[in-house]
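Just passing along the structure, written as structure tokens.
Naming follows writing order (A, B, C and D), and every chain is counted from residue 1.
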Amino acid sequence: MTPSPLKVIVWNEFQHERENDAVRGIYPQGIHTTIALGLADTLSPVRGALPLQIGTATLGEAEHGLSEARLADTDVLLWWGHKAHAEVSDAVVERVQRRVLEGMGLVVLHSGHFSKIFRRLMGTNCSLKWREADEKERLWVVEPSHPIAAGLGEYFELPNEEMYGERFDIPAPDELVFMSWFEGGEVFRSGCCWQRGHGRVFYFRPGHEAYPTYHDANVQKVLANAVQWAAPRVQKVDDCPMRPPLEKLSPKAVNFGKVGIVQSQGDLQ
Amino acid sequence: MTPSPLKVIVWNEFQHERENDAVRGIYPQGIHTTIALGLADTLSPVRGALPLQIGTATLGEAEHGLSEARLADTDVLLWWGHKAHAEVSDAVVERVQRRVLEGMGLVVLHSGHFSKIFRRLMGTNCSLKWREADEKERLWVVEPSHPIAAGLGEYFELPNEEMYGERFDIPAPDELVFMSWFEGGEVFRSGCCWQRGHGRVFYFRPGHEAYPTYHDANVQKVLANAVQWAAPRVQKVDDCPMRPPLEKLSPKAVNFGKVGIVQSQGDLQ
Amino acid sequence: MTPSPLKVIVWNEFQHERENDAVRGIYPQGIHTTIALGLADTLSPVRGALPLQIGTATLGEAEHGLSEARLADTDVLLWWGHKAHAEVSDAVVERVQRRVLEGMGLVVLHSGHFSKIFRRLMGTNCSLKWREADEKERLWVVEPSHPIAAGLGEYFELPNEEMYGERFDIPAPDELVFMSWFEGGEVFRSGCCWQRGHGRVFYFRPGHEAYPTYHDANVQKVLANAVQWAAPRVQKVDDCPMRPPLEKLSPKAVNFGKVGIVQSQGDLQ
Amino acid sequence: MTPSPLKVIVWNEFQHERENDAVRGIYPQGIHTTIALGLADTLSPVRGALPLQIGTATLGEAEHGLSEARLADTDVLLWWGHKAHAEVSDAVVERVQRRVLEGMGLVVLHSGHFSKIFRRLMGTNCSLKWREADEKERLWVVEPSHPIAAGLGEYFELPNEEMYGERFDIPAPDELVFMSWFEGGEVFRSGCCWQRGHGRVFYFRPGHEAYPTYHDANVQKVLANAVQWAAPRVQKVDDCPMRPPLEKLSPKAVNFGKVGIVQSQGDLQ
């Protein structure tokens, strides 16, 4: 019996690639397509890894390609956005958040740190220091036994990347998988895991549009692992039910009238 | 030299007390007033505890009593809301969130688990099980060395409270201070700490409007401690700056044109 | 191709069952045998669950049944001990610890909270409150999406168990899966996960020898899930290597002789 | 009324300084003396900071200067060791661990990562990569609102230090305050907080004996803050008490004889 595949959507705002020749030279069909092809070509060594059924979605599509029906049938969503965060509709963001809380996995990429969906799930600004200077980034594996690090060495390098530096304004991650060293002197928590509701969220730092990062084999491994790690384990719609007691309650003799009440003391300040 | 006091606001939607005789009997001037008086009367044993300058604010005031200027001058905000969460303006919620991220402390009380501000800072639904059955709650101290537990015994009891039961849909707390036992058979993470941005957030479970919970000496101790714990340690406005390198960067010979580009493979699925 | 099974050892001090008729009535071949049979009979719904190859080991065997060679070939070890913790040799404890740090999973059961191996991995006393009074325990699932909770309902009950109550002196768990409600009024963190080195550690509270807890279907599900969760993801022997620089270091002009040295000031106090 | 001072001991193995002229040139009276003088001269901006009563202790003293009576009267212990970890008596290590669990603070410095006391409290090997190459270290503040970072800028630099690189084999810290960038290409979690029992533990990376690190003003600030942060909040001797029920237990009709017992199935493997 073949196991059911994980249903994956790679979402991209898809603007730099259409407006900028250099970016289009690297990602002629869009970053989403390169990421999707990388996922299709990369076997994750994570135990129990499932085959993937991979689609893409972009900002310009109706409902940004993320209709209620499509999201309901999605296991893991990857998110790349940069200059058009403000154009993502609040209704779609709300929908994605709801799906994450129900159990869908979310992998947020690079400049997606400032996306509406990531900031909403984190509750913080998610700000950081940055610099575009074609510098070297070295990603160190902090937790070698974490599924997202499966098959990697002690570190891997990207010869040219945008710098992101601490302080990264996030809630302390549940698990810290990668830390980056930058040639220009900064460090960064580059691979961070959180659980929100029943869903798993992974933030992965590299991926500036001006560099061929998503063609890198190590980056592709990380994403392949992250998709497996983020796969739903349960799918539950949220509720907040009234529940009858499971034990017999004692008879009460409550008389609130007897409670001593503090009297007014004028201006409290 | 007298140390500067912590500036505290107790916020309340202040509706039950005006609409319901039983609630008004317990909190004739509003829950906020009782909480404020309790804070004023309770000495926190936390090391370095500062005197408090306590004010109140309610939903019905202009900007809900939380103007930009007033919040900018506030160190810790306590929040009680229940039936009117939807009436709190998004602009004020945004403002409170910004202040927390800048360093202001926030203490969220009881049914405030469903307030806009708490859900926004958590990123989750914050749902739970509940029951109003006048039952006994016993709060166990899980971390006796936590400042918020200072001066308490191993547990304390509330003879009548609303039940809140797990699963409580929150991000795993950074620190878990109290766990509740309910007569009807449930348990709950009743005292939870998180950091968001530079600010500290504490959620404290008890406090249903139909019971004299905020007249209880142990509850008053918890709130007095929580205000000291949540006091700002820094006050920083968020930014996301470009920064020049701290180290000399190596000359690069980047030629993105030579990067091998994967060609289209039609439908990725 | 059949996947390689996980190699599991259920360890038991195996004393109560030989000395006490009531305990022998419940576990005629020892607690380890009942646990092992339960594992053999229980299919874990965890994704990627592997078949198990299950053995047992007891205190009375040579090297307590945990020779260097056998441990080196073990993926997950379960540990039940109570009255004979002191009889476990330090050499074997050291060996088990080393294997956990290298990647082996460890599931510590009930009174194993006071075992040498658990206290050594936690660094704390692991003390708690207790009472043997045949009372009801209800275990609430705090993280329904955690693999160890796979296939369980919102809670499950054990009609008679020993009580363990907070404060449980452990490092705050990385993940809290279960919380217990006890009829006598206490609560407990009953299912706790930690990572130590490359290995995963799970503590599971129930399992007093005087009750048929390990015959319970829900308990068996928890253990079956825990074994899958704790399975090694890497196996690495620890080292602490000197490493040459990855980047060219700048020439230095260090002159320590110029450093201003604080002179003695007599009694520092 | 003057507040009681915190009683602090700076412990040092005190060997390099007596055997090596270069080290003695930097720390003529021993690293412990320089650290102690730095603490005495540095005002911590942490709220509620207490005055310090500072003493020192060294390996060569009777009981390494850490008698039962002296430790019982100590609030915070700082620990510097490197080449003589094995010479520290297990009895003293046990005693220090007990005091930490009771509430005493512990600040572990640099090569103390391999001390018996640190490894015992962590439960892991605490290994790492290292290199002595006089290279630059830059420590980034990851949590600017943490008390240990009070009064520091966004980062500070040490012109020459030993390199320590990830993977650092520790339990994930409860709070990560500093991350280091090294000129040679590595990163490190350089300021890590844990709670163990009722005590707080802080590990601070810099401090190789061949460099004047403890004369650095920023390092002195960190240590001054760490001592205040690590000060005990409670002092409790551990116990593991039997406790009578707080609630009335129901009558039981337990009949273990009726429990169905699984029969032997021969070799379980």
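Simple rule for what comes next: a contact is a pair of C-beta atoms (placed from the backbone, for glycine too) under 8 Å apart; a residue touches a chain by one contact, two chains touch by 3 or more.
These figures come from a predicted structure and were not determined experimentally.
Asker: Chains shared as neighbours by chain A and chain B?
Answerer: Touches both chain A and chain B: C, D.
Asker: Quick one: point me to the chain whose Cα centre is farthest from that of chain A.
Answerer: Max centre-to-centre separation from chain A belongs to D.
Asker: What whole-number Å value describes the gap between the mean CA coordinates of chain C and chain D?
Answerer: 25
Asker: Give, as an integer number of Å, the spacing between the C-alpha centres of chain D and chain B.
Answerer: 31
Asker: For chain A, what residues touch not just one other chain but two or more?
Answerer: In chain A, residues 138, 143-144, 165, 172, 174, 183, 185-186, 195, 246-247 touch at least two other chains, as defined above.
Asker: Please give the residue numbers of chain A that touch chain D in the complex, ascending.
Answerer: 138, 140-144, 154, 165-168, 172, 175-176, 179-182, 185-187, 189
Asker: Which residues of chain B touch chain A in their complex?
Answerer: Spelled out, the residues of chain B in touch with chain A are 22, 25-29, 33-34, 36-38, 40, 53-56, 97, 101, 114, 120-125, 127-131, 133-136, 159-160, 163, 165, 169, 171-172, 174, 183-186, 194-197, 210-212, 215, 238-247, 249-250, 252, 254, 256-257, 259-262, 264-265, 268-269.
Asker: Going by the contact rule set out above, which residues of chain C touch chain A in the complex?
Answerer: Where chain C meets chain A, its residues are 46-50, 103, 138, 143-147, 150, 174, 183, 195, 198-199, 231-234, 236, 246-247.
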